[in-house]
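Which chain is which? They are A, B, C, D and E, in the order written, and residues in each are numbered from 1.
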């Protein structure tokens, strides 16, 4: 049953979550980001879009796989460094990011599941906040099978009703989280539900951007692999990693050994984010690079999101958050690029 | 005042005569108010070209790209590329010439004077507008900008929304051009290093607190080096693999690649990376401020480069990016260089 | 028991053999797991770890029918492979895998198999070659067409000499040498020269990208159909399990969906390898 | 292949073992990756110690060794030779200095042992990445160039020629001889300068191995040790020395008179002249700077008219002569500190204030007064003469900070000579200190005081001015504290010595370093005093620092023998630890080109390349390069990084 | 009782002057603290700024660069380039908040064994009160 939480009681809920690490959007030096809330009373959900999406909490930019240590000459001890999986709750997750996590789940799940990811993922409770108005000027979630109030991937969805939140419990994890708050939650009444639904419906009309008629794009892309289109489109790309690092669905990573001591050899195998936009991402050690230029790399990004992922998982690997557009230093606009693909004469 | 039409006419002339391969300029972005880089190849496209207070980008970055492409082509088109430059950007050309990365004949420089102002700082503007969305920003008649939002038009003084780099600019008129638009207005900058001096007044511990908090945020997206026209190395010392590989590069050579820092975005590695970048830009950074603007997490990177620019000026009397004939900062010295720090 | 996919198993190097010396050195290593292990299929790869240096995906060149060791033949190429070349008998390395698909050798029963390899490219097909040899009665004619740049660059020299009594072996080198009695020219030219019959035959070709391209062209020319030609693809890999995102060719992750492709499949994919 | 490094820790008796636990260092090193052998021994440098290393290299198939012992300056060569004898490249041997830099300077055994281990480990990391290198070999042009024909240049040239090598001796003035030929007598023996110099000058002119080029200047030097290419400008003398019979008719008819350099302006000479009677080559020179007649080409023609042997040829042109030499000796000598600078002493203002060289000319039998000491102003015999030492020397505020070294001695000599000529005269010497280090020097000074009654006044002269035909000298005797006033007839300033005119420009052409005073810089002030910083170029005489004749001659012979050291080789070997360009990384920005002290880096095809023979391996290029595209072999950034890690224990 | 903090110092000594000066200190048996591990380079001019960053990154508590006095450089002027380059490095390190005492440059000639000893003593003395350098140092796992 849906609940109502008065805004003044929101801090009390957070106080009650003592067993959890609580992440919430915070403003630091003019930049919003999900940060560990050390002062839970100060948490407010009045924020636009964060720079780095919530994926960083379930898929941190750096994590340890294991530690290696030379035990004796030419013998090693390996110590697995799985995350402990401390219960974590992320407040204020936008619908597009919740959905993005479901897409990442697909990648890290399957037959060969990624323990490191799942340890954090399973421990994380995602409390969404429906967007009453688009948090970014470049939001286009509706165009990519999302919505400003999508419940996908979320455990709880909150909707701001002015001085109270409309709280929808979506999963068992969510239920437990709400139950921690105890009596501060009240049963929602039909007018509340109506109000929430109205906000949801209105929000859909407020989206600033859209990307229409893209169902043929995957097929179109297939035929455009060798097109000079990519050269033209990528001219202004500076080959930085902003678009992918800040993308809620991008999940590419690198694995490296970080050595702490040479004798005895000791160090850690570390996973860090990586991006298809860096030239060394695909470079063979022979120097051969299957994606030798930025045209090939832009093509990979668009193809991955709008063709390959669709072929494998029947969904766009883009949730329309618009971060890559907002933060691209040279204004490369994924909407424009995909529209051009759509309108491209084969 | 620089008129769009004049720049467009010049561009058209250049393209029609075949004098340039293409022109790197600014166009209006998809959001309708900010500029984006654009590459004009056909005379009929010149009307895309704009000039305004959102032309942040240092387009010389793309001159570097052009050189890279040219090296790889078998029979490259050797005509110059046209490029629109602001004062700061023009100094980047001077550095590229000084370092022999390009030749003067490789670029046709279309200079635009920033006259009384410069470009705006998007974040400052956003704070100023408090949630209202800008629809248009233009140069005002004086040291001001005219900002249009849904709720009307306001005049904002330059000092409030102009980018820091422009507030401390020492070359608002391009220093090297083939053609110049706009007036060679005189402008005095009372505190060219004002922003750095603020940090300098902090105690050592407070400076560390400041920088460690700032650099902690770094996600190593490398936008700072990617956007920088001076970061044109094929292989950066921060790269963890051997990059500049040719068929005769041996495995030994590749195995010798120095791994100075790890890919982990932790403070020690981040600060290593940014210090290396700063020291490598000493005497080369022309303060276009692009690294700082591009940074998605808002690290005041300019304050690292500006510090060394200041020291180069004060300690060694070295001005960056005005004379392509003089040696680089660290490849010359003066007998009277300070040595009181040597004990 | 839960298995951590990123945690390598420790193995000991039990033999090291230098196949090719010089700058582009190739060595063959045999390893034994300290504890447990895995069984692989022909054509699969394993991720070898040199702790402190990193990992490298290497194809397993020993036959699955050989149970007491895994064999890898490795060209010294970069940081990790250089470190692997420093290994000695008794050194400990990490191995995880096996990764990727395999050659469908079960479905080839009763067919002739033509192996066409160049340089280090013999390693990925060596496992198939050994397996089919061990089960010779299940297969028809086995033929190997193998070439290297110069005679010292030929791998598995002793084994090849031995092989000649068991199957047809055609060797080649790129440029003539005084003592060389066999074919001079590229592998593809040797294929055109020997003209093996496509009749009921599967061709496996493996080697440097340019060699693969020319061999496939040559094979097509002498009548092999696209689905009769198999090859392996290599791309830069990190995770080995289709997650890290770098080895893809289109929707395929080479580490998971490859490295073995029939030409019929591969030619449908974008040219990104 | 995995590395196989051997470690040898020397006890050096108890010099090391007394402070460093060598056993535990050896044990610790044995655990290092790639270390195949690690032992300690009481004296590694002894024969058994060296044998031990050689044997271990062979037995254990070591590919590199580290010897932890004393400073590499002492035994690096010893151990590298041992390594070489055992069949590995000498660069596969490195020294860890655990004596001078460890055991001798620390007392705490634990800490010293810890440090020794880190030092050794750092050497291991380095040696494991050392390349095998062979010295770079270059053929040698077995000919030398000596620049400057003063006593130093003459001595060097004669020594080289005597050893059987061809020498080109270049002198810019018309005659060799230098300043020594101007001197009257020399201290402390008072033998006649000309008399001892002239035979040497003649020998130079007659020596079959010496090609004498007077009135010539070095214009350009390129190349490197063993193979320099030199361009020499030979100025026209307009007189054919082969024809000239020294009849002197020409000077009599020459209408132009200019100050005579040889007499330091005390006399005049004609535009056509012989510098002094004993000049070598014995020939006349028409000085075209002073001769020109704007209406004809250069001359009035009178000298040619009177020359019976037709030795005068106005059509002579400057010539550029190119020579190849293997070594260069620079002996450009000195000049006196400019008199304009000494206005406080009235020099240049009062005719009777002279400098030391002018006084030499006055004393000289061949001088303007035939050896009589007479005042230039009125040709009267001066009865009171004041000599001022340190005129311009030892005065960091206003003049030269350094001591000109010879002035104390020649001033004593001047005073003595004066007294010998003017028996009733009185010599006064103002001095700061009297520096008389040298064989017989102190006795000489004492003789001046005791036998010739020279009055030494310790103090500085504050003012000199003319009054009533006398030169008033005001000063203070700092010993008594009393002001002193002397009515002198003549004042002689012991002017500071400075590098000769044009030496700075020449140094630039030769790429030689100069010190802050403009004297040529030696490679090492103590251990390599005759070598310049550039290989194959040597320094002789006062060009390097103020010197007296015996010192100049000694250094000249030293320089000659150093040059012979090069010329006697068939080929030269140059250290192979030179810079190397990683072409893939180089962008041709040229920062390294600008910083290279040896011009060893040049642009080529948009990148740079290193001339291995010129490169000395200092590595300044590699620290300047932003891309690590230029590195010094066997001390690459990679190696230094490994060493840093080793030092920090990680 | 806690042991007194012993700073770890890396010293880059030029071969011709400072390393020889340090040898002289040894020959003269001048005692100084054992905290400094010297790395001999050919010339102070060859010390790359990266070496200094790396040393701090790898846990050095102090870094010393020592070369020949101006005019005495074996390579004519390498030390003059070093002076300029390393002053910039010093300014940068201080700008990010590293204590100024941690990076030191000195001129030590081959004759100045005494001075070398003095420099080391001073450096160690100045670094002890600062404690371990943790700012630029990479984290370690145990």
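Criterion: a contact is a pair of C-beta atoms (placed from the backbone, for glycine too) under 8 Å apart; a residue touches a chain by one contact, two chains touch by 3 or more.
Because the structure is predicted, anything quoted here is derived from the model rather than measured.
Counting only chains that touch, the fewest steps needed to get from subunit B to subunit C is 1. Between B-E and C-D, more C-beta contact pairs are found at B-E. Each chain gets one centre point, the mean of its Cα atoms, and the points for subunit A and subunit C are 39 Å apart.
The centroid of the Cα atoms in subunit C and the matching centroid in subunit E are 52 Å apart.
Each chain gets one centre point, the mean of its Cα atoms, and the points for subunit B and subunit D are 50 Å apart. Taking each chain's centre as the mean of its C-alpha atoms, subunit A lies 72 Å from subunit D. Residue positions 49-50, 54, 77, 81, 85, 138 of subunit E are each in touch with at least two other chains.
In subunit C, 77-79, 81, 85 are the positions where the chain touches two or more neighbouring chains simultaneously.
Shared contact sites, meaning residues of subunit D that touch two or more other chains, fall at 595, 624, 628, 637, 641, 645, 649-650. Across the complex, subunit E meets subunit D through its residues 6, 8, 10, 16, 19-20, 22-27, 29-34, 37-43, 45-51, 54-55, 58-60, 71-72, 74-78, 81-82, 85, 110-111, 117. Chain contact summary for the complex, subunit B toward subunit E: residues 199-200, 204-212, 237, 260-262, 266, 268-269, 271-272, 275-276, 278-279, 282, 304, 307-308, 311-312, 315-316, 329-331, 333, 335, 337-339, 341-343. On subunit B, the positions that touch subunit C within their shared complex are 241-242, 250-252, 254-255, 257. Residues of subunit C touching subunit D in their complex: 85-88. Subunit D meets subunit E in the complex at residues 71-73, 97, 99-102, 104-108, 111-112, 114-115, 118-119, 122, 513, 515-516, 521, 523-526, 533, 595, 597, 616-620, 622-624, 628, 632, 635, 637, 640-641, 643-645, 647-650.
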